[in-house]
Amino acid sequence: MTDTDLHEACGVFGCVATGAWPTQLDVAHTIYLGLVGLQHRGQESAGIVTSLGAEDSKFKTKKGMGLVTHIYAEEDIAKLKGNIGIGHTRYSTQGESEIQNIQPFVVETEHGLIAVAHNGELVNAKSLKKKLLRHGVGLSTGSDSELITQLLTHLPECGEPQGLVNWVGRIKRIMAETLTSYSLVIMHHDKIYALRDPFGNRPLCIGKLYPAAAFSGKKVISDDDVDGWVVSSESCNFNSMGARYYREVLPGEVIELSKEGVKSVYIAPRPNKAPPAFCIFEYVYFARTDSTFEGQMVYTVRQRCGRQLAEEAPVNVDIVSTVPESATPAALAYAEKLGIPYGEVFCKNRYIGRTFIQPNMRQRKLGVAKKFGVLTENFRGKRVVLIDDSIVRGVTMVPIVKLLRAEGAAEIHIRIASPPIKYPCYMGINIPTFQELVANVVPLEDMPSHFGADSLQYLSVDGLKKAVREGIKNPNGSVGHCVACLTGEYPVKCDDW
Amino acid sequence: MTDTDLHEACGVFGCVATGAWPTQLDVAHTIYLGLVGLQHRGQESAGIVTSLGAEDSKFKTKKGMGLVTHIYAEEDIAKLKGNIGIGHTRYSTQGESEIQNIQPFVVETEHGLIAVAHNGELVNAKSLKKKLLRHGVGLSTGSDSELITQLLTHLPECGEPQGLVNWVGRIKRIMAETLTSYSLVIMHHDKIYALRDPFGNRPLCIGKLYPAAAFSGKKVISDDDVDGWVVSSESCNFNSMGARYYREVLPGEVIELSKEGVKSVYIAPRPNKAPPAFCIFEYVYFARTDSTFEGQMVYTVRQRCGRQLAEEAPVNVDIVSTVPESATPAALAYAEKLGIPYGEVFCKNRYIGRTFIQPNMRQRKLGVAKKFGVLTENFRGKRVVLIDDSIVRGVTMVPIVKLLRAEGAAEIHIRIASPPIKYPCYMGINIPTFQELVANVVPLEDMPSHFGADSLQYLSVDGLKKAVREGIKNPNGSVGHCVACLTGEYPVKCDDW
Amino acid sequence: MTDTDLHEACGVFGCVATGAWPTQLDVAHTIYLGLVGLQHRGQESAGIVTSLGAEDSKFKTKKGMGLVTHIYAEEDIAKLKGNIGIGHTRYSTQGESEIQNIQPFVVETEHGLIAVAHNGELVNAKSLKKKLLRHGVGLSTGSDSELITQLLTHLPECGEPQGLVNWVGRIKRIMAETLTSYSLVIMHHDKIYALRDPFGNRPLCIGKLYPAAAFSGKKVISDDDVDGWVVSSESCNFNSMGARYYREVLPGEVIELSKEGVKSVYIAPRPNKAPPAFCIFEYVYFARTDSTFEGQMVYTVRQRCGRQLAEEAPVNVDIVSTVPESATPAALAYAEKLGIPYGEVFCKNRYIGRTFIQPNMRQRKLGVAKKFGVLTENFRGKRVVLIDDSIVRGVTMVPIVKLLRAEGAAEIHIRIASPPIKYPCYMGINIPTFQELVANVVPLEDMPSHFGADSLQYLSVDGLKKAVREGIKNPNGSVGHCVACLTGEYPVKCDDW
Amino acid sequence: MTDTDLHEACGVFGCVATGAWPTQLDVAHTIYLGLVGLQHRGQESAGIVTSLGAEDSKFKTKKGMGLVTHIYAEEDIAKLKGNIGIGHTRYSTQGESEIQNIQPFVVETEHGLIAVAHNGELVNAKSLKKKLLRHGVGLSTGSDSELITQLLTHLPECGEPQGLVNWVGRIKRIMAETLTSYSLVIMHHDKIYALRDPFGNRPLCIGKLYPAAAFSGKKVISDDDVDGWVVSSESCNFNSMGARYYREVLPGEVIELSKEGVKSVYIAPRPNKAPPAFCIFEYVYFARTDSTFEGQMVYTVRQRCGRQLAEEAPVNVDIVSTVPESATPAALAYAEKLGIPYGEVFCKNRYIGRTFIQPNMRQRKLGVAKKFGVLTENFRGKRVVLIDDSIVRGVTMVPIVKLLRAEGAAEIHIRIASPPIKYPCYMGINIPTFQELVANVVPLEDMPSHFGADSLQYLSVDGLKKAVREGIKNPNGSVGHCVACLTGEYPVKCDDW
């Protein structure tokens, strides 16, 4: 993607130390590392909540705006010492007044404190909210996380014995009322509940923390070696903390983490035996390439997309290149498949942040692409195909093509390793409006001239599905992906919108 | 008071423009000026919420940590443009993580948004909270304001017709459940409800905004001239915004402000015909001297305290002085009453903030009072009486007396224009613990030697009451003041503590 | 003064520990306390430079924008540990780019590092600068301090033996070249040179640091008890650090401070036996009232100004009051002299900083004085005289008088305890332009109506001189004061301007 | 390079609008874009100085700490409007107190203001400084830039006619006194002087700003189309501002830029016909790959290094990879040359900044590489060769190899596309101390085991020279490169060290 047009909403993380408490494991530091590794899922704010896990333990909280490494200093992590904890990293389109929205969301309930971290977006948030308001609850943040938390606490007729709370029971009821999309991490007392919605729209997986000795090479890692357990939106952070991938949380599954370990306590059914609807864009763009979903590494899937693209839309050129840097795996595979040399044509300026000053009139006339330097000698006089993973608004592609042409590219072809994005997402992805999506305003046949390219082709929806699915090993039950933004077919009726 | 030992919790403010909307009156700027003038009641954070006042109007909010003049820039006030709004300024003993506690508290309810600003402390907060949690509400801030707001919204069985909300009815019910202490400003739609608890423990008064022309001298102000109405914890800010004191909100009274003007809608009864319990320390220390309570200016009451002190505890000295600067009115009156010259002995350093570096060993040994310079020529060789309004921990008084003596004062006497503080306050004032109150650990007869003074005397409780009450004009119903911190007699049973 | 119209440029401070080094005295903390006590002389930036005082000692420096208590945290003071050091606090009209101008100014010279702190303004700066530039020196800050420092180091033909530096010799030469105005504190190696210009235009005095034990009351302070020596623009900070006033640095005198103590090394002559020209506004407005100049406390001088004003300009009123708070000593003395009660009519809002939002149209029409509340009951129906120490632009006085009148004052008279300010200052005081000075644009007879007052009178120049001089004890040589801003008679020709 | 062990000191930039002044060209914005594109040469502070270019024009300056995009907002650029200007971006090892060191360095001289921006380090700075100090100049910053500026201004015996300054004459004299290393941009009045030291140790090149129309495609660019001229440490920023590469400033050459255009005014000779000594590490690591030196693109040189490495040190593996991301061009070329597939094994976390919390004990034991995720599926069971551009301390390489091995790499070989770094640089590069350089403490034969690799080989010095030189087109005079950090042979005697 040549510009930051799509935004993942969030990353969630949880950690429990196993064995005797107080633990030697630095739970707060583990969560910190977890959030650093989920930073690509949200860079605007983050929060960590830990606890000693005793019934009357207070929660220790530290939240802030900005990157995880900016929010937390060594002494913050020291103050967050605990046996159990959860964290969250978040992208937001709202301003500073939204400090109160930073997750995890912590509330005091009749049964003690709970903390909730949420990734996703409830498709029936409006009607749930209306229901809750009708019960007299006032909502102070407008976030789905508060909604979920109040739903969890506010179940007056829930049939629990006096003074006892049955969180799993409550979670089940919420899962019945709202089918997607959410991956949730909920901390109460000495337990973390981790769950994915019945459609499995957002990812969530489990990692096992091994003792440091297990990594020293002096000892073979055994299944009994365990310091603790983590749950995370993605597995890419596991290596940084000494964890290993254990397995995914299944669509609809509720996992309980405690000092005794990991326990699957429930799997919510989908209506009418519908297939799961895991967001296919996690493969295409959002996830870090070293994360694993459905038994396969994201990088590998992107390579397959590139290979599939080579089959569907080959082109006779001198060099295969990419717009740095999310499309590199696809481009390398495309080149290899067609036997064309891979070569870089752009050099990215790593120091350009969001605050880059707007182009003046001269800049606009020049149409230059400020974020990219061009490696002229690599492509002058050559026919180039640019591989990109996706196109959303396509704003940056125009000056990029212009720049290559001005610097002497003989031909410029564009190949996109995913289908055209045409529909809004109601399940947690921030997509521009209908009119901003270039696929809705420029007919396919006009795209080459729109971008100034010699040709342009997308991967087909079927091709994308094939590329994604052919590597799924040992599928847990049925397989299915949400391609709503490509086809308009949503997993559930989004009647609120 | 020689050190900042007592803290008022909050100031509340509300403003409604009258006549046709959109108004020409700058409601946001008026609230800003209101908060600037209430800054002495809380300096750690502040918030303003405004609205156009239409049924579906969104609230505009800007909150921040620090002084009002630091939080709001010109463009913030411009963005807050509205026809109606409330504000809050707050003192807090908690840290940065408490950003979420900044008031006004805004929540979405079934009946639209409401905003609540609160001054005080609910004596039965614990039991109210327990009740609310039992109904399944999760509380996210731990503040009384959230508690009040959730109580207001969460009244499922309140007998209102379907879809209609009766805020006054709800307010009545809450006033019946919690008798003190609170002054509240509640904004919903196009109305502000302003109320004091039945005991009138915290102050609240009404001001009338006149058109600018009314102040030009060219025109006599008539009762029909009105731009809007304000409610404020104190009246000291009225002049700054072109408002004039209208009247106090009575103990237990609920006032409705709208574009139609001001309306008294309810007066809550007190149990067993108990007298009101307006906090007497508002007169002694908290309020700004130009505020008016019960028909009398605070400055005048402090003068009467000084005069009463002169009667109860005269002393034969050469000069009457004060510890800058809250005790000056009492000291001037004490001097005048006894016919002794008034003279300043201290010069305050205005630039010492909270961040002053802790004294090192040498400093501690020196015992010097960093905040005060001494005006040696004014007292060398003279007998001095220092008037203070109150003593809490008495920590600063020790080095002050030492300093005066080192610089040549012949005798140093201390007179306190209020009685000894001995008991905790459960109604909104932050008082040090029992053991920190010097009156609890140093017997009266040992106080002179404790402070290094030649003599020390307090004003009596009866003397204070007399000084306060003899200027109350046209009392609205019965008169009564809370002196719990002096006598231990609380207006209501504080069974939670 | 009713608004902050005049600005002192700077405060300078130096400290040397006596006896064996490394010293136990916390030199950095002493300087910190010194600067806190000089904060009223400049609030925009501050700097501290310390050294172990060995020949090859590096300087430790910490400078910053803002108040001293904001710039320095405990760890900063710890890092500045040294045996000798100087500090500076500064007011500046320039913006953030002027960070480089924060003093003390530190330079590396052939003879090692020197640090220079300067209070004042060189009247012949332009010609000195031209001369220096002609020698090929490039000046990077535009400040007089850099100019002085480069003059000190850049004396190629100075006749010193090879490799040896004679700082006193260099200082003498500079004092011959520029007669005023400067008080300087210069640190090199193990010595501080402290000097006043020959006219003594800016103040500077010496304090002696006693051991803490000397203050414990258990021991009589003897002359042999000494921990170190300080020099300071004013003596008001001495108490805070355990120092006592020793004596003034005389006009033209150069003092050397070292671990051996204090030594007077030179007194520069004035041309034609001219009298000194100590800035009379240090007494009138700039200095803190507990500082001592020429053997008398500033507060006492201001009282004499009030008494003299009562003689020159009495008025028949019911109450004498003041615009808080610099005029209080004059007002108290004026009241006492005329036998009229003193009473406060204003209550200052302590929380209004520089960032107060500009008044909107309504505010301007209202003409209200935002910084002041009015103590209506104290003056309603009464005849009031307002005493002020000086009037510069007079901008705030207009709404103040209007406010008092609107609140019911029967008559309002103004008396100023100093003469009209009419001329620019070239010696370090920031005075508004000619046209901004109200005394230059409003004829004396029109002033009452300009301010809306019933009458207005100033103190005479002779009256001010008399009030200042009659308390000077044991004058060191001849006495003289600069009254250039009142009469236009400058101590030296300011040909640069 | 696997960690940020080497630091380039600075980037310099200058811009002059040609034709009639005031210019339409946004000079300040052009400099801003120039600095953004030089950000990789220094990320700690930056400064821009512009001028209208008239004889009495004041300089407009804005400097700050941090990245260029953080320092400058739109309004800053607007305020810097000018016809001519220079900029600087800087890396520093010193702390916040060094704000005064931010370049460009601006000084007032007898001949008006000059501004100086410097990249490099004077090898004889110490003796130059001593000489200058002996002339009585005080130096306030300790930087080479101030030294150069004072040398420029302080030439008393320079034989210029009275009142006239001959900057080129002065520059010539300085170039005779200090041979390396510096690339300088000096602004005075309406001219910029841009020069490289006689050895050409630091880069500097010239770009020509074309009118926007020239890029619109509607018009062929002609040599007469020109909006202005720029000089820059590297050419990589030219595209962003609508400039095209014109030519390099030659070693020892002095260029004058004015509204009339570009003029070569002097070429300083090297002693004894020595060859130039352009820093070879600009090719190896520092420069952005799209910059051009000596007629060749940096990327191309790095590819040749990879090819040369393949010749010198081939290895039989399944996959060629790289440590992201500076070594990618070398790795791609290495792979292609040997006919082995190129594949990525690491995924870099882009959000890890400098403030990353130090590893705790567990982390240290784990030895995990926090900045890298591993693309396990790409290398499990395979033999891998990792290409890196250079190794300095080698600290990160250890856990990286450990990580690959733990994740299943069958063999891990290391190939470095440059020779071992063994000697300090006195010419502007921040190299760790002798003992920190792994090549000095680990014998070559022990390196594989030190890093846990199966083999390790470096490129030879001759191989590097060959790779660099074989693409130099049309060499301007003799060709030569500084390889002092590899061989210890310095271009000039560095007797100060």
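In this document, chain identifiers A, B, C and D correspond to the written order of the chains, with residue numbering beginning at 1 in each.
Everything that follows uses one rule, which is that contacts are C-beta pairs under 8 Å (C-beta built on N, C-alpha and C of every residue); 3 or more make two chains touch, one makes a residue touch a chain.
As the structure is a computational prediction, the values presented were derived from the model and not from experiment.
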Intersection of contact partners for chain A and chain D: none
Chain whose average C-alpha position is farthest from chain C's own: A
CA centroid of chain A to CA centroid of chain B, Å: 49
Whole-Å gap between the CA centroids of chain A and chain C: 61
Touching two or more other chains - residue numbers and ranges from chain C: none
In the complex with chain B, residue positions of chain C that touch it: 25-26, 29, 32-33, 36-37, 39-40, 43, 67-70, 72-74, 77, 212-213, 215-217, 236-237, 239-242, 288-291, 296-297, 299-300, 328-329, 332, 336, 341-344, 347, 349-353, 355-358, 360-363, 365-370, 373-378, 402-403, 406-407
Chain B residues within the chain A interface of the complex: 61-63, 97, 99-100, 105-110, 114, 129-130, 133-140, 142, 146, 149-150, 152-156
